[in-house]
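Chains here go by letter, A, B, C and D, matching the order in which they are written, and residues are numbered from 1 within each.
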Amino acid sequence: MLRRNAKGNLVLETEAIIPYELAVGDTWNRFFDGMRNEKIYGTMCPKCKRVLTPARKFCPRCYVDMDEWVELGNEGEVFCWSLTNYRFFGMPTDPPFITGFIKIDKSDNLFVHLIGGFDMSDLDWIKKKMKRGTRVSAVWENVKTGCIMDIKYFKPMFAD
Amino acid sequence: MGKHYKTLRHDVWLPHEFAVGPVFERFYEGLKQEIIWGTKCSGCKKTLVPARTFCPECLVDMNEWVQVSQKGKLVSWTLANYQFYGAPTEPPFVGALIRLEDCDCDFLHLLGGPEFEDLSTIKSKLKKGSDVRAVWNEEKKGHMLDIKYFKLM
Amino acid sequence: MGRAVAVIGIGQTKHGDRSEITYPDLVREAVKAAIDDAGLDIEDIEGVVYGSMPSMMEGVGMNHFYFAEALGAVGKEFMRTETCGTTGISLAFTGYYWVASGCADLVMVVGSEKQHEGDSQAAIVTVYDPLYQRPFASGAPGIYSWLSQDWMWRYNVPEEKARDAAARLSVDHHRDALKTPYAHIRKELSLEDVKTSPILVYPIRLYDTCPASDGACAVIFGSEDAVKRLGKKAAWIKGVGFRGDEYVFGDADRVVSECASQAAAAAYDMAGVTDPLTELDVAEPYNPFTFMEMIHYESFGFCEPGQAADEILKGTFGPGGKLHCAPSGGVLCTNAIGACALMRVAEIALQVTGKAGERQVDGAKLGFAHGLGGLNQFNGVMILGRDK
Amino acid sequence: MSGRVAIVEAAQTRGPESSENFLDQVYDVCREVLDKSGLAKGELGTVISAASDIFHSGMSCANAYYWDSGAAAVKNGSRNDGESLTAAIYGAFRILSGHFDTALVLAVCKGSENPDNDMLTHFFTDPFYQRQIGLNETFAAGLQMREYLERYGVSEEQCAKVVVKNRNNALRNPYAHLRQRVELDQVLNSERIMDPLKALECAPKSEGFAAVLLASEERAKQLTDKPVWLTGWGTSMDKFYLGDRDLLKGQLSVAAQRAFKRAGVDDPGKQIDVAEICEPYAFQELLWYEALGFCEEGEGGRFIDSGATEINGDLPVNPSGGVLSNNAYISRGLIRLVEVTLQLRGQAGERQVNRRLTRGLAHGTQGFAGQFHAVMIAEI
């Protein structure tokens, strides 16, 4: 409750947990159903013709409905990446881990996920291997729960 | 929560560390010694409780500290009779605005005491202007509830 | 377009760890300073606008209720404007449009943050949607790490050169902050100090990033009538531009960011600026990360795409350079988020009115203030000048 | 100031819980307004939204989340945190400044995703004093209601009548959340949760996405043949601690006077034809009648007894069913303006007030015992 901080000032410590419960909605439900079957879907904009993944109800730029669903492949290319080596609240796995932008084949935007399946102790080695355009493919969890982490990570070809 | 459609539970966790500042620090110290501190404005001459850094009316610093009376009159009250987050004590309980003697604002606190054991009769006993007095908790922590409640005199 | 609007009063707190006073008292410190600076009474202010980051970060929801008296807002017209990191510049915009509309002559806008009262990391995670991107968001540094890598790869900027330029920015800003009485981090650094500081998220190191600060800033906007009445030196708003981008990270290009460049272009257009590097005298970019700051110089047309590192190493944006950027030390040295972008406006207003003390850029007449938010999703630009 | 500002179109979602995703609901309501206005997203000038991060599904920087859902991608926009009528006022500023000829004003709130309003409003308290006593908006309303009953002799029946009137009006409003008839006895006999406040006198927690397209005079005339003019607005903020205020003499009268002055209204009781006011607690509707000048101080109870505020009365108040029937905490102010717009245009369907209406009033309030108020006057 009340205590002195490092500067010697009196502070009141409290903690709050506020529970929320979010509606997933039709579009996400359909996208996650695809994930359960190891399929990644995007939707195509009738106006700008962009294919965006995860699937959307509407094009965020053109502001028109996106009714056309496109099944994308399970593969793509690295666009950029970073290695996280510190702990933060809500992180997906223990550090070190790599997150990145992946350009999934047949899509026009970048998909954010983990890149993994190899040893991460040598940053210089990773920097030599992982370039823009490095091919990756999705590695799926055996048991799927219908969420974004049904994909375990994207594994680079060099790690095979 | 058992909804008929798919949802995602999402708990937001927020730790806080509020700077108490010199005014509430002194106010809480007072509570520990069974003193209720107010401050008096050099501009409008009003005495406000709890003590303030500055006068909410004149916006000037309030430097004159006043020990205010522990007795006052009931201004308004409400009987809380359901469970809610942040309730100061297990409902039912009575929350009240009290005008402490010589103060120029109302003090938000609780009412309590033996009469409150039977809440069905309490309404007839509580009147605007009823005299009340602070009752202190034995153990004090530097918290508004170091005053246990105000009781009818 | 609209009425002419000017900044006529500025107040800032000392920034840093302010755990010795409560949050409302911190806010009041800035408000009092602004009122005094303008030579006004609080009663003269017709409308008050307040904003911060999501205030539950610091434990009080919709904290404008709590701050009503500290803001001097009791009995006044009021609204709260809030747009994440851009909050400060959005506050300035609300003040600007309010006065420009003719609905008020004197509006005070106040931004604040007391980061030491909460855990901003825990709160920032909740900026990302929980269905998709939240697990991958290693706070802001992770995202800015992708952007800087993207930029280096796109323009073949050698990593060494980018590293040197980023270090140079950090050293310059830290040195400038020593001349800024309000700044939080006050420390002389060497290039070596920056380049050997701990890696947070590769390539971003500790001294490439901003601190977490407590602080508040208040700015009073006035109409031409009010400026005449007060008979004071004012900084005139010459141009405004703001753009917000698509939310999902990965949909829009945030290196060659249409939103950043359009926000600047809109402000230039209104101010009649055609060559920012020569026409602007001083700039305050919103620069919590050195690498991102370089990318912004390109977005704003301060240099050609891919050339920022070279120009920085030539000293173009440093003290005495063609366009001194962040003479206040910038966000890199003081990061009270909700106040940050408003402090950029305040600093430019001080510079163009010749009131920036030790850090004054000689003869500055026209300056550029920037706000950045939502991981480069939002960019706002305000150009202020000495002449109407 | 360049000319006047008009509402071109307005839309709202339905109040009951929906299984739709938040962002898709935002899109739907904005899409509806743009389609009805015949305005392409590319032609839209600016977007001002209202949300509040604490009332926003646990998302921080909510504006970032729904920015493009609200048609604002690559646009100059802003977000007001809190009462949504302030977003409409800001939209009007932007148009009057001459920088934009259209402004989309959006309010978002998905109550079904949030904890109850008591928990969320508890966090409005200061950590040192009122939080430790457990204050929330219902607690503050209980104290305010007792004071109201005692000072003016307003009866509990009179307060309960507000619920009966508004909930019955909601039967004809397809957008309302609660649509069951309630009788006076039911209200009076409902659980006294914060005595003297009863459970049925407290508003529910609802969903509400509302959008309004504002335009300059010139542009409005191109876009619609039924412009609704925003002729007045005003806001005002009160002190924070409950004990520092007279709970019956708040800032609503100040906010209202500002709006009346701008609109040239000097006898609101006669010059306002319809009002949509924000009454999260039933008795507040009566107290707000007084502050708005619809009746004299202390006369709120007798005013509802007179039947004046019934849907067929002289000054219908809350023909939509009000906040007691549909309470999306953030959007409720803008929803009042949407309702006034529909009424003035004769587009309110079964709940249409059945006589000529030329001037309406929309009101929003937030904070303990009405710490902040916003009032807007609209005319056709």
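Here is the rule we go by: a contact is a pair of C-beta atoms (placed from the backbone, for glycine too) under 8 Å apart; a residue touches a chain by one contact, two chains touch by 3 or more.
Everything quoted here is computed from the prediction, not taken from an experiment.
Enquirer: When I count C-beta pairs in contact, which pair ends up with more: C-D or A-C?
Expert: C-D
Enquirer: For subunit C, which other chain has the most distant CA centre?
Expert: The chain lying farthest from subunit C is B.
Enquirer: How many angstrom between the C-alpha centroids of subunit D and subunit B?
Expert: Here subunit B and subunit D have centroids separated by 31 Å.
Enquirer: From the C-alpha centre of subunit A to that of subunit C, how far is it in Å?
Expert: Their C-alpha centroids are separated by 30 Å.
Enquirer: Centroid of subunit A to centroid of subunit B, CA atoms only: how many Å?
Expert: Inter-chain centre distance comes to 48 Å.
Enquirer: Give the residues of subunit D touching no fewer than two other chains, as numbers and ranges.
Expert: In subunit D, the residues touching two or more other chains are 19, 54, 57-58, 68-69, 73-74, 115, 119-120, 123, 127-128, 239-240.
Enquirer: Which residue numbers or ranges of subunit C touch two or more of the other chains?
Expert: If we look for residues of subunit C contacting two or more partner chains, we find 19-20, 22, 56-57, 59, 69, 74, 119, 122-123, 126, 130-131, 246-247.
Enquirer: Touching at least two other chains at once: which residues of subunit B meet that condition?
Expert: Each of 3, 5-6, 8, 10-21, 24, 56, 143 in subunit B touches at least two other chains.
Enquirer: For the complex, which residues does subunit B have touching subunit D?
Expert: For this pair, the touching residues of subunit B are 3-6, 10-12, 16, 18, 20, 24, 48-50, 56, 75-82, 84-89, 95-97, 105-110, 123, 128, 143-145.
Enquirer: What part of subunit A is in contact with subunit C in the complex they form?
Expert: 5, 7, 9, 11, 14, 16, 18, 22, 24, 28, 52, 54, 60-61, 79-86, 88-92, 99-101, 109-114, 123, 131-132, 147-149
Enquirer: Under the definition above, what is the set of subunit C residues touching subunit A in their complex?
Expert: Residues in contact with subunit A: 17, 19-20, 56, 59, 119, 121-122, 125, 130-139, 142, 145-147, 149-150, 153, 199-202, 246-252.
Enquirer: Residues of subunit D touching subunit B in their complex?
Expert: So the residues of subunit D in touch with subunit B come to 17, 19, 57-58, 115-116, 118-119, 122, 127-136, 138-139, 142-147, 150, 191-197, 239-244, 247.
Enquirer: Give the list of subunit C residues in touch with subunit B in this complex.
Expert: It is residues 18-25, 28, 42, 56-59, 69-70, 72, 74, 114, 116-119, 122-123, 126, 130-131 of subunit C that touch subunit B.
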